[in-house]
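Report on the following structure.
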Amino acid sequence: MSTENTPATVPLLDHHCHGVTLHNLDDSAFESLITESDWGAPEGTTHFDTQVGFAIRRHCAPVLGLDPFVSAEAYLARRRELGGDEVSRRLLRATGISDYFIEIGHRADEILDPTEMADAAGARAFEVVRLERLAEELVIAGCDAAGFREAYDGVLDERLRSAIGVKSIAAYRIGLDFAPERPSSEEVDEALARWIDTTGDVVRLDDPVIIRHLLWAAVDRACAIQFHIGYGDADVDLHRCDPLLLTEFLRLTRPTGARVMLLHCYPFHREAGYLAQVFPHVYFDVGLAINYTGSRSDEIIAETLELAPFHKILFSSDAFGVAELYYLGALLFRRGLQRALDVFVERDQWPAGECARITELVAWRNARRAYRLDDRLFAVETGLVGAEGP
Amino acid sequence: MSTENTPATVPLLDHHCHGVTLHNLDDSAFESLITESDWGAPEGTTHFDTQVGFAIRRHCAPVLGLDPFVSAEAYLARRRELGGDEVSRRLLRATGISDYFIEIGHRADEILDPTEMADAAGARAFEVVRLERLAEELVIAGCDAAGFREAYDGVLDERLRSAIGVKSIAAYRIGLDFAPERPSSEEVDEALARWIDTTGDVVRLDDPVIIRHLLWAAVDRACAIQFHIGYGDADVDLHRCDPLLLTEFLRLTRPTGARVMLLHCYPFHREAGYLAQVFPHVYFDVGLAINYTGSRSDEIIAETLELAPFHKILFSSDAFGVAELYYLGALLFRRGLQRALDVFVERDQWPAGECARITELVAWRNARRAYRLDDRLFAVETGLVGAEGP
Amino acid sequence: MSTENTPATVPLLDHHCHGVTLHNLDDSAFESLITESDWGAPEGTTHFDTQVGFAIRRHCAPVLGLDPFVSAEAYLARRRELGGDEVSRRLLRATGISDYFIEIGHRADEILDPTEMADAAGARAFEVVRLERLAEELVIAGCDAAGFREAYDGVLDERLRSAIGVKSIAAYRIGLDFAPERPSSEEVDEALARWIDTTGDVVRLDDPVIIRHLLWAAVDRACAIQFHIGYGDADVDLHRCDPLLLTEFLRLTRPTGARVMLLHCYPFHREAGYLAQVFPHVYFDVGLAINYTGSRSDEIIAETLELAPFHKILFSSDAFGVAELYYLGALLFRRGLQRALDVFVERDQWPAGECARITELVAWRNARRAYRLDDRLFAVETGLVGAEGP
């Protein structure tokens, strides 16, 4: 085992995040990126008065050469002074993340793509394809209902030559209580005709039959399929994002070779841990709930270490846009995992070697195995597929 | 900042409670007021064998001049000896609560009204109007379906001249999974005719169309609207009291100026914290879950400090009937907030000034802002509306 | 009070478990019994990399004469060396469990029956009848629809002469969102005809009308009725196992004399605690969630001590098959209860006598009262019913 096997020093594989922006952000743009709310804080208040805001002032300020807990104003001023590019590089390079799996289906024009992220962070980066966006892009490009299924198969195969996995946002487009079975071709064609006929300037896929078709196309390819679960995005109906609603879909997909990654999961992370125990192809993380709960993240990380096998828990930051979120995701994850292990050592004398082994599993080994990263890296080395990396 | 800005000493604004009774209570009447059960404890057991029962013996006994953990019998004997009036005054005046927002829609004839509460507690008191009760009172007074909507508008406007906000018990009359949209006048009139025609001696509003009409009337007045959420009252179907079921209603009401206060919330307080982050007009507390969980309340208070912005968390006791519940609500809230802050200081060196600021926000500033109390006090001072106070 | 009244030494009444097997288990059979998953762990992983796996290596190894945290391989080798019989007797006799309530409706041919368990464990054992299995056995024996109701009444009465209570697996056969009312005889007869006509070689009862009939037959006999709730078994739809879904059934059964025991409950144990406060005839435990969460079980046990009255909380191991699960259930329960009480003493100076009293309540007194064990023992002594015991 390497010497890099304590939570403080282990390299991290961030199996779910988005790109960062290098732009200089004005204050309100920055503030809008440290909340999942779509609106400003009420008059006289600020999104900095949150766990994540406090964590930025506490932990990110020193990376920018400031004292801990400088005011939000001073922090933002220093950020402007250094420039978005420098701030982002400093914070990203301080995360200790060696690999980023980057989902680019959301506001892609505002953030770095995987190649640029690899460069900015000094790390490897891999793409995760958002299924619903892929379908929307086809329709935007003029694909009609008659040609959609074949065209989609083609473009998905093409993207999977380089992408490490796929993601679905079924949670906030249709709710996780969708019918779990594969829809028939006839049903799909009808739904496609209806959708494409009526779609206007803004192409937005929220048809359950079509989304189920996209999911089963991914299942057929034995992909790693990420699902948005729980917290994140103001337009979710959170009670329809409980991962337990996927139970029958998980039963149906168990023998297919597909793996299902449940993302963030808060406040349903105990439910996710149950699914990760019961289904051999289910993995989960509490990404977004780590950076956003700051001084409380230790408890949430500890709660993930209950029913889930240690080989089923993953690390992610689910960061988007600002480098602070990657940095805090990594820092707080390291700390929370260390504290949980410390408690287990105190209570039950877990051996140091076992703590180190579990640390490596959760930090990167589980993701590497579950996403079959070694196969992927071999394909890159042998020129079978393209690569992004430093 | 004042010197009264630690949790131990800060004045509290109790934004949701009911009135106390000054009557001498017999033992079974007292015991029925320290549980949310509608029934006696099983034979051979007592409602004192609970967290709240232990907290009374531990913390309230000394206020009555007894040793901590005297027996329940000795406590009740001392209570009888001192008399309900003296006991209530002692406990209320030891809470450090400066302002009570009192909802009087439940068993109003048995408990003090706001003026009397202000006198007993040596504090200010403001009224919160229960929407469903207001409608029932109109019907009891003989209002017919044809005249209801206009009459209701009038009486609601009248009550809001002095009341600080309104409350809805939609949770246990119709469930929070009600249709979120404003019902049409025709729908409302039909529902009113149906209700008023069929109502008997006991007038009980449980029609979803009418209750939605009442809610939207409050929204139109840009009120602070309290919602019963989660734990409390044996006649709730708790799975229909999950605040996430309000999500679409919150989307629709966001631009209206109304504010929505989610009350008590346990065991859905993490869900409530999510809503308080995502929606700018949503606030919440864990009132009833503090006094009723006693020695475990620290953990529940800490769980409220995760996703919710610090400017969205409120204090309440949700006490009803016996002064012990106000006293414990205040004492355990102070303690739990202090312990949570102590942990954050230990983990992340939160500055003392920031701890003091957050303490004041949660203790009273958030409620004062959210309920627009300063406008209300100005109106009182200038004689525009009536007031209750010492 | 006896001297055996600390959590470490108090005798335990395990109000819900299954039988152990004395067979020599091969490695994969053993591993399949330390998970609720129906499938093997993913390639390259093991079910030992879990909290329960770590707890076995930590706590059970020394009982078998090994060092703590020997490898899984060494543990299994020692287990084979000693033999299933010796291993089971050692572990069971080290639990300090004085009474086992054993449900024998699942894989009964592979595990010990109550008499054999009593002998192996050196304890008393009582039978709990699985309602659905009883009905299936009747049909397997050739009972037709016309004769079913009378035959079932007879066999249930007969079994209740010796059994201490009944259990229902409605949770994973029909979901807890079943219609709560008693079905009419006509409805039941129709459902029986349908079921018995169409049943094949495998008789499996999953008809909601018939299961409701079985439940109400138990209610009519004022039984102690155990309900599977929450975690456990890979074939549950966990979102349909929320105990809150039983709310109306609990209202209807409150005046009947029946008592309802909510089993394991995780991750809905706070919901179960609410029901145990509000309904006088509701009890609960977190059995399976104790042995399966190992080093995290302290937190889960503490979470049960919130709303529930102390006279409503029960101990169970919910162990099945391997003696390790009984041993860990007992050991971790003792430790978790002690730690929770230690915290309450630290925070609120709970008196030692009160801690001892609550320990006895939860460890065995509550179950003894709720199941009316004294009546049962009297019947045994006077020869009215049979008994199993050492």
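Which chain is which? They are A, B and C, in the order written, and residues in each are numbered from 1.
Going forward, a residue touches a chain if its C-beta (ideal position, glycine included) is under 8 Å from a C-beta of that chain, and two chains touch if they have at least 3 such contacts.
Which protein is which chain? UniProt says A, B, C = Amidohydrolase family protein.
All values reported here derive from a predicted model rather than from experimental measurement.
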Hypothetical removal of chain B (Amidohydrolase family protein), resulting connected chain groups = one piece
Request  = Give a one-word verdict, same or different, on whether chain A (Amidohydrolase family protein) and chain B (Amidohydrolase family protein) use largely identical residue numbers at their interface, taking over half shared as same.
outcome  = different
Rotation angle (°) superposing Cα atoms of chain B (Amidohydrolase family protein) on chain C (Amidohydrolase family protein), nearest 5 = 120
Query = Cα centroid separation between chain A (Amidohydrolase family protein) and chain B (Amidohydrolase family protein), in whole Å?
reply = 38
Query = Which positions in chain B (Amidohydrolase family protein) touch two or more other chains at once?
reply = none
Ask   = Which part of chain B (Amidohydrolase family protein) faces chain A (Amidohydrolase family protein) closely enough to touch in the complex?
value = 242, 244-245, 247-248, 254, 270-271, 274, 277-281, 302-303, 305-311, 343-344, 347-351, 354, 358, 361, 369
Task = In the complex, go through chain C (Amidohydrolase family protein) and note every residue touching chain A (Amidohydrolase family protein).
result = 35-42, 44-45, 47, 49-51, 54-55, 58-59, 68-69, 231, 234, 237-239, 266-267, 289, 292-296, 298-300
